[in-house]
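Each of the two complexes below includes subunit A, the first together with subunit B, the second together with subunit C.
What follows is the complex of A and B.
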């Protein structure tokens, strides 16, 4: 089977996963809805990363219990071929939705903030997807190593971007504390876990590529730790920079964080330059999701070569993104909104179900072995 | 009628034109796209019996070497000890005639065969010929190859074998100063075209008993030799096998330089980055050998191929290790910065001015607009054409010898630049950007990598012209992605950074000398600690 997977080390796995968690958690937030009743992002967004980790833990332990190297082998051993294929289809759909959420956000941001002249969304999407295709066609190894090359650099850039406007931070802006009532915060935490879970799931799908389940467990925990710290820092700095009323108006709040400080006479507009840096994270994340979805499809539905699946996936993403900026915009936003608000119920439920069945199966198998 | 015949004769109408034509079309009409002619069947390996008489040998060698028209081949008959008729064969100019005179002819004629009995070959080696490198050869094809290598072959009357004596002594260039990898502190000598000299240069630095040199035919029709050099006790056996395997698969009509061999043996042929380190410095090759790398030398080529290699190695200079760590680190930072400037600055500048003027402050924009006011070319075309002109000046300066080459660089750079600005063909700011990119390019220590950087710069300019900074970023990701999955003899190109391998040698920063005690982990050497 031509999976183009290769093998990567723990640093690459962590980089890939952390990059995906941070990018998805920071750039797929609908500001108008998220900050509508106050700002509790510095609590709910980092906590959603931890909830995502808690959500994946049963799967990781089920993989350990059933000695599965990857998610596909766990699905087969727990649910069998038929039900496993259905569960895989749900996971693939969630990965595609996550990829679309990131892509649509970046396509519109690049088009609105970066290009002065009128530039077609399709053209921008085509450039991004061509890059994503090159990345994912090189396989997991290429994705992991590329992520390793950029992750530390992007992390440092993120810290610099947060440090530059340090003079403009004001504590009063995060009042009222905690911004929202606890029910709303818990709801944000739970629904936000849909931004973390796909990255962790992708790591599970590529279990063989990171030398097995134990590395997946360690990488997931470290990546979530890094994600937690960075996401908390960014959300806190955003809270210190803008009031929740201002945040509602901002399409990508992190993009605007330097605006309070910049005046005419600066050589470069750092906000726009930094958007390009975050774009790198976005492209790598979408490539990671696309490759993982294709790999899961290949392993669950059969086939000998991953490349046709990758090509089909790229074409689907391009088509949907192109349609998303036409008259189908409302339908696309509705679907995405539904996914972001309720996707976690489907995914968390599914993961818990898979884990329980896997544990039960493992227990019965063990009993049968002892009986025999 | 006669008149017309005469006219026809004068005008040469009856003569069909006869002109030499090399391109044959006997096999029918050539195809629209041309195409190769059918390849001749490969020659069967020569399996000629060794004649047992001198006249047989002479006849065979005269026929095979076309001695009737080829006067290079010298056949000299004489008697050893007045008893045994022998014939020395060698190619004029390839042998040291002093050795032939003193140690073959003189020793042979003065030799004593009174106690000897046929066959004489072994006896002659043991008692008569006072030459250090001599052996008995029973195969005709090998004897012929030795003759072509510059050795002397001694045929014996009544015996189906010969004695091969190493008398090679052809003229070659002496060891000279390295021209392309200059250092200020450190050894100055470079490899030469002579394979033996090159191996001696390596052996003089590495005085280890496990340094192995394996000679083999490179696989070209000109029967040139290669030498595979490695440390038996250190180098990973799989790496040595892979190098031998790739060299064994070389089949080409001609090998003149190691660069051709490099292209044939590398796996990713369409990626512009070099997948081997090509060096002219024996100290650099020796340093790599001491770390467990394999070095391949080719007869007639004053360069060595070192495999595997990484981007980090290609961006390093031997001098980095000869100076203190702080200075070495600073030089490496400058070099890396230079390479990045060379690749990214023209593309970024083009994107900012063409697509994203909002990113620049009004002062900077004003300067650009003012300097470009009278220039009629589009900005992208101006950038591309100036980049190409820069390459043109560089190439012209390289190909013209000595001081004239330097003068071309100065004249081309200064005069052409001034004139282009005065004629409104180029703007000063673009000239500065192109010159800066060119300077950055010269910071790259490896020549092949330097060419790759120039190539990438053009790609980035085109991407920037098409899609602004989005194009630059996408091209950058693609470049890093391709580099990430590139491997040189099984070692990822971005090692030890991606993938991270255990290495106490920092990459951009140099680190102290103590940190260089251990061999690189990615080499998977037989011994962890260097001997």
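What follows is the complex of A and C.
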């Protein structure tokens, strides 16, 4: 089977996963909706990363219990080929939705902030997807090594971007505390887990590529720890830079974080450069999701070569993203909104179900072995 | 792979990073926008452009010629369209540093109309500074030119920053203005600018022309003092806003006390007379002020400021000795009185220039409760106690020769 997977170490796995968690958590937030009733992002977004980790733990332990090296083997052993294929379809759909959420955000941001409108969304989408295709056609190993090259660099850049406007941070902006009522915060935490879970699922799908389940578990925990710290820092700094009323107006608040600065300087005008840096993270993340969805499809539905799946996946992404900026924009946004608000119910429910069945199967298998 | 290599190299040629190429010299970079009342349309917009012109034959140094374009329009975009129709280059706003509103516009609904614009449509940064000009904004931009300044953008922002460090202007940018308007935690205070006719006269006299006409003009100075040289345009003082409308002005001297009360002062000099001796005190705000506010039963606030002082001008002999025996207390009381007067002025104008709303919001635990609360109503009844703690720095350097 030509899976183009290769093998990567734990550092690459952590880089890939942390990059995907941070990028998805920071750049796919719908500001107008998320900050409408106040800003509790510095609580709910980092907590959603931990909830994402909690959500994947049953799967990780089920993989350990059933001695599965990847998600596809767990699906097969727990649900069988038929039901496993259905579950895989749901997971693939969720990975595509996550990829589309990132792509649409970056296509519109690059188009609006860097270019003028006449540049056209579809040209920018094509340019991004060409890069994504080059990465994902190189396979999991290329994705992992690229992520390792950029993850630390992007993390340092993120910290620098947060430090530059330090003079403009004011504590009063984060008030009223805690910004939202606890019910709304819990709801944000739960729905936000859909931004972390796809990255962790991708790591599970590529279990073999990272030398097995125990590395997936450790990588997931470390990546979530890094993600927690970084998204907390960013959300806190955003809260100190903008009131919740301003945050609602900002498409990507991180892009505008230094606009409150009164002093001029070279750093004030690095926002466009920083957007291109975040775009690198977005491209690697989408490549990771695309490759993982294709691999899961290949392993669950049969086939000998991943490249047709990758090509199909790229074509699907390009088609949907091109349609997303036409008259189908409302339908696309509604679907994405539904996925971002309720996707976690489907995914968390599915993962818990898979894990329970896997545990039950493992227990009955063990009983049968002991009986035999 | 061998077959693919030429194809890949061909692809590299297409990866220029440009979707549509426009060379730099085809852009007209707008550094400042001026907004005045129009004759036929609602507004008259002026655009100050930086434009590379050539090289000085004497020094060989490249100089920059500045261009001022102007057009009337109901919106900024109308004026841009009118100007673009008659210029051979594309107006680019990515380097725009400030927008200057004439006083007349600022007192009306000019800021409301400006806020209705989507700045990103022309890639105008939300960090642009907002200025109010006494008189014509167009004239202010015209007089900004300072003898072939190599970089007008740099000159503009360093001018504002230097003035700000002296404490004679307050600065606000579009993001902070929007914050004030959207959330009502404070009222905006903009930089107040004007044109000094005396400096302009001196320039003309130096150039050998217009002397007799200039002598007839007496109006227009820099904060009341005549000046020779430099730009005729200058910034001095602050424009007070209540919501989106300008309601009053502060002099450079009053602005110093506003900055002291809000903790934004860097360096300044204050004149003070003690026991008949004229003093000039150099002040630096080393520590942020302690501010507290209680809303119930009646709104009451206290502000404690800490200032490090040095004596810069001293017409007496024993000033340093008298610091602890009366001078410090007298200066503190004087400063408290100035801040109290300033606060009373701002309150009477309905302008929360000192940002007490930033303290009021801390009394609320939900955005709904804050949104339902009417801070402006409570602000009208707010009483503030100011206290000033002064400490003399370098008191061991007593001799004036030092």
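What we mean here is this: the second predicted complex is superposed on the first by the 363 of 372 C-alpha atoms of A that agree within 3 Å, B and C clash if a C-alpha of one lies under 4 Å from a C-alpha of the other, contacts with A are read in each partner's own complex, and residues count from 1 in each chain.
By our rule, a contact is a pair of C-beta atoms (placed from the backbone, for glycine too) under 8 Å apart; a residue touches a chain by one contact, two chains touch by 3 or more.
Keep in mind that what you see is a predicted model, and the values were worked out from it rather than measured.
In the superposition on chain A, contact is made by A:38 with subunit C only, not with subunit B.
Judged by the touch definition given at the top, the superposed model places A:196 against neither subunit B nor subunit C.
When both complexes are overlaid on chain A, the residue A:246 reaches subunit C alone and has no touch with subunit B. Within the superposed three-chain model, A:176 lies in touch with subunit C and out of touch with subunit B [touch as defined at top].
Of the two partner chains, subunit C is the only one touched by A:258; subunit B is not.
Legend: residue contacts after superposition of the two complexes on their common chain; A:123 is shown touching both subunit B and subunit C. In the superposed pair of complexes, A:112 makes contact with subunit C only, with no contact to subunit B.
In the superposition on the C-alpha atoms of chain A, the part of subunit A touched by subunit B in one complex and by subunit C in the other spans residues 115-116, 123-124, 264, 268.
Those residues of subunit C lying in contact with subunit A across their complex are 19-20, 97, 120, 123, 125-127, 129, 157-158, 161, 164, 171-176, 178-179, 182-183, 185, 358-359, 361-362, 364-370.
Touching subunit C in their complex are the following residues of subunit A: 37-38, 112-113, 115-116, 118-120, 123-124, 170, 172-173, 175-181, 242-246, 249, 256, 258-264, 268. Residue ranges on subunit A touching subunit B, taken from their complex, read 6, 8-9, 11-12, 110, 114-117, 123-124, 127-128, 130-131, 134-135, 138-139, 141-142, 145-146, 148-150, 264-269, 272-273, 276, 279-280, 283-284.
Residue ranges of subunit B in contact with subunit A, taken from their complex: 355-364, 467-471, 473-474, 476-478, 480-482, 484-485, 492, 494, 497-500.
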